[in-house]
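Look for chain A in each of the two complexes below; its partner is chain B in the first and chain C in the second.
Right after this comes the complex of A and B.
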């Protein structure tokens, strides 16, 4: 990762610089016109959030069962980045919904899961911050349980009427919109990877520093 | 003199709080979770529910709050007398310890519900006993689901700082499916057109939740409780 970091950072910067051009050139959607362009920001941020959640849960499982600190560092990094992308999704979603549906919030399956996952990972960060000793293991459990909770929330809320576009919308995007959409998705995923890598490195350095302090105290 | 002391105490509290924002961020988070819980219990499709369904929301919120207290106290007692460590040092399989704690909490909550349900039926004049069997199915599966996650988190929080505020913060987001299932399963039994199949469907969801989370908890309790 260390060697690839700078080249990838350059790629990500170029992608984000070019993205507005691609979005501007994409055709207008027939009913929402300009409004629909928020999709190129909204949907990729959820892609990035779910990927970061998965990274956090995998890191958590790795840490719980092997006691390997690297797993924990990955889990914290994933959780923080997930909360950030989640906040982006939760800001752009209601903005779009307010104009497209007429209401900013609906208790449908996708919105509820998004909100609950965001809350779960905020709880994770609160636990890390204020939980004191032992909270690293517990927070790994939180990430794992949070992931297991998703299908239940989905099924439970599905029984309410849902107005959110179905998952089938993405593969059926018209050609002119498909390219900028996937371009944005990959741009966001790349940004997410870089942020997680950076944050994990920071956590690793912090642990090393803590260990050094401890070693200094003992000597 | 009096006013000066008041100001000094306020200043001291704020000086501590702005260093960490611990109280502000945790209470704000708890408040948001409460909004979530109440909206699942009393709102449907952005409309307030009919008044026939209010008792089911009240019942399940009471169960959630009482459950939180019970779970917290069960482990607080262990912590006061330092018996948690002794329990963990015992040459017994860890999952057995977890299961013992869980069964204890569940039985306590059943006892509470045995008094709570008649009380709610009386106060709200709700026909809760018309469908006693489906309702007990919902209560049993819901209580187990709630206690499963609660017991695991409370056990892990015993050693942690700020455990009294962390438990509700962790527990409520995780038990939202239990709350939805319980509230809407019970609501299906009340109202003008009671429907047992709908209640049974929700019981099924709760039972699936129980199976998944009991399995997960038994699987992770051992590695999670190792220092």
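Right after this comes the complex of A and C.
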């Protein structure tokens, strides 16, 4: 990952620079026109959040069962990145809804569960910061709860009566809209991977520093 | 008798309340109004919302990457300071 990081960062930057061009060239949707173009960044930000949540939970399981610090580092990195992408989704969505629905926020099942998912990972980070000894394993459990919440966020539109657009919108995207959408999804997932790698490196360095301080105190 | 009077009063009061509680009816439309002739309070352009959404994504991602970069730099500085301290102490 170390060698590939800079080339991948360049690719991600280029993708994000080119994405608006592709989106601008995509056809307008018949009822929402320009407003629908928020979807090209809104949906991928949730996909990236779900992936980061999965990484955090996998890291948590790894840490719980093996006590391997690398699992914990991955879990923390995934959780923080998940909060960031969740914040993007929770900001871009209301900007779209403000015009499409006439209100920025509705206590609709999908939106409420998505907010709960975001709050779960904010709780994770608060637990890590202020939880004291043992909070690493407790927070790994929180990450697992967060992962269990993901299918409810995704399938909420099918499980409950909501005003949010259906999941079928994505697989039924017509040519012209499909390409920029998947381009953005790939760009967001790449950005998520790079951010998780960076954040995990920070956690690794912190662990090393803690070990050095301990060794220094003992000698 | 008194019971009947009370029931009549209750029904009348409830009916009057229900009538006054109705939302005012909009007058029937006599003609269609083109969208560009709507008062500014009823027009909501999409462009600022789209630009705001894209800006938020860019700014949040860049700010977050910058915070990680800064934190890594701080930890590396602490490691260097510790190494220097150990060297000065002759360890």
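As a working rule, the second predicted complex is superposed on the first by the 207 of 219 C-alpha atoms of A that agree within 3 Å, B and C clash if a C-alpha of one lies under 4 Å from a C-alpha of the other, contacts with A are read in each partner's own complex, and residues count from 1 in each chain.
Note that in this section a residue touches a chain if its C-beta (ideal position, glycine included) is under 8 Å from a C-beta of that chain, and two chains touch if they have at least 3 such contacts.
Remember, predicted model here, so these are calculated numbers, not experimental data.
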Once both complexes are superposed via chain A, do chain B and chain C end up clashing or fitting? fit
Tell me which partner A:212 touches in the superposition: chain B (first), chain C (second), both or neither. second
What is the contact status of A:201 with respect to chain B (first) and chain C (second): first, second, both, or neither? second
Regarding the shared-chain residue A:18, is it in contact with chain B (first), chain C (second), both, or neither? neither
When the two structures are overlaid on chain A, which partner does A:101 contact: first (chain B), second (chain C), both, or neither? neither
In the superposed arrangement, does A:123 touch chain B (first), chain C (second), both or neither? first
With the two complexes superposed on chain A, say which partner A:38 touches: chain B (first), chain C (second), both, or neither. second
Treating the CA centre of chain A as the corner point, state the angle out to chain B and chain C, nearest 10°. 70
Check the superposed model and tell me the shortest C-alpha distance between chain B and chain C, rounded to whole Å. 16
In the complex, go through chain A and note every residue touching chain B. 64-65, 67, 103, 106-107, 112, 115-116, 119-120, 122-123, 126-127, 129-135, 137-138, 140-142, 144-146, 148-149, 152-153, 155-157, 159-161
Residues of chain B touching chain A in their complex? 20, 22, 25-26, 29, 32-33, 36, 39-40, 43-46, 149, 152-153, 156-157, 159-162, 165-166, 169-170, 173-174, 176-177, 180-181, 184, 205, 208-209, 212-213, 216, 220, 223-224, 226-227
Would you mind writing out the residues of chain C in touch with chain A in their complex? 44, 46-47, 49-50, 52-54, 56-58, 60-61, 64-65, 68-69, 71-72, 75-76, 78-79, 82, 85-86, 91
For the chain A and chain C complex, residues of the former touching the latter: 16, 20, 32-35, 37-38, 41-42, 45, 81, 84, 87-88, 91-92, 95-96, 98-99, 191, 195, 198-199, 201-202, 205-206, 208-209, 212-213, 216, 219
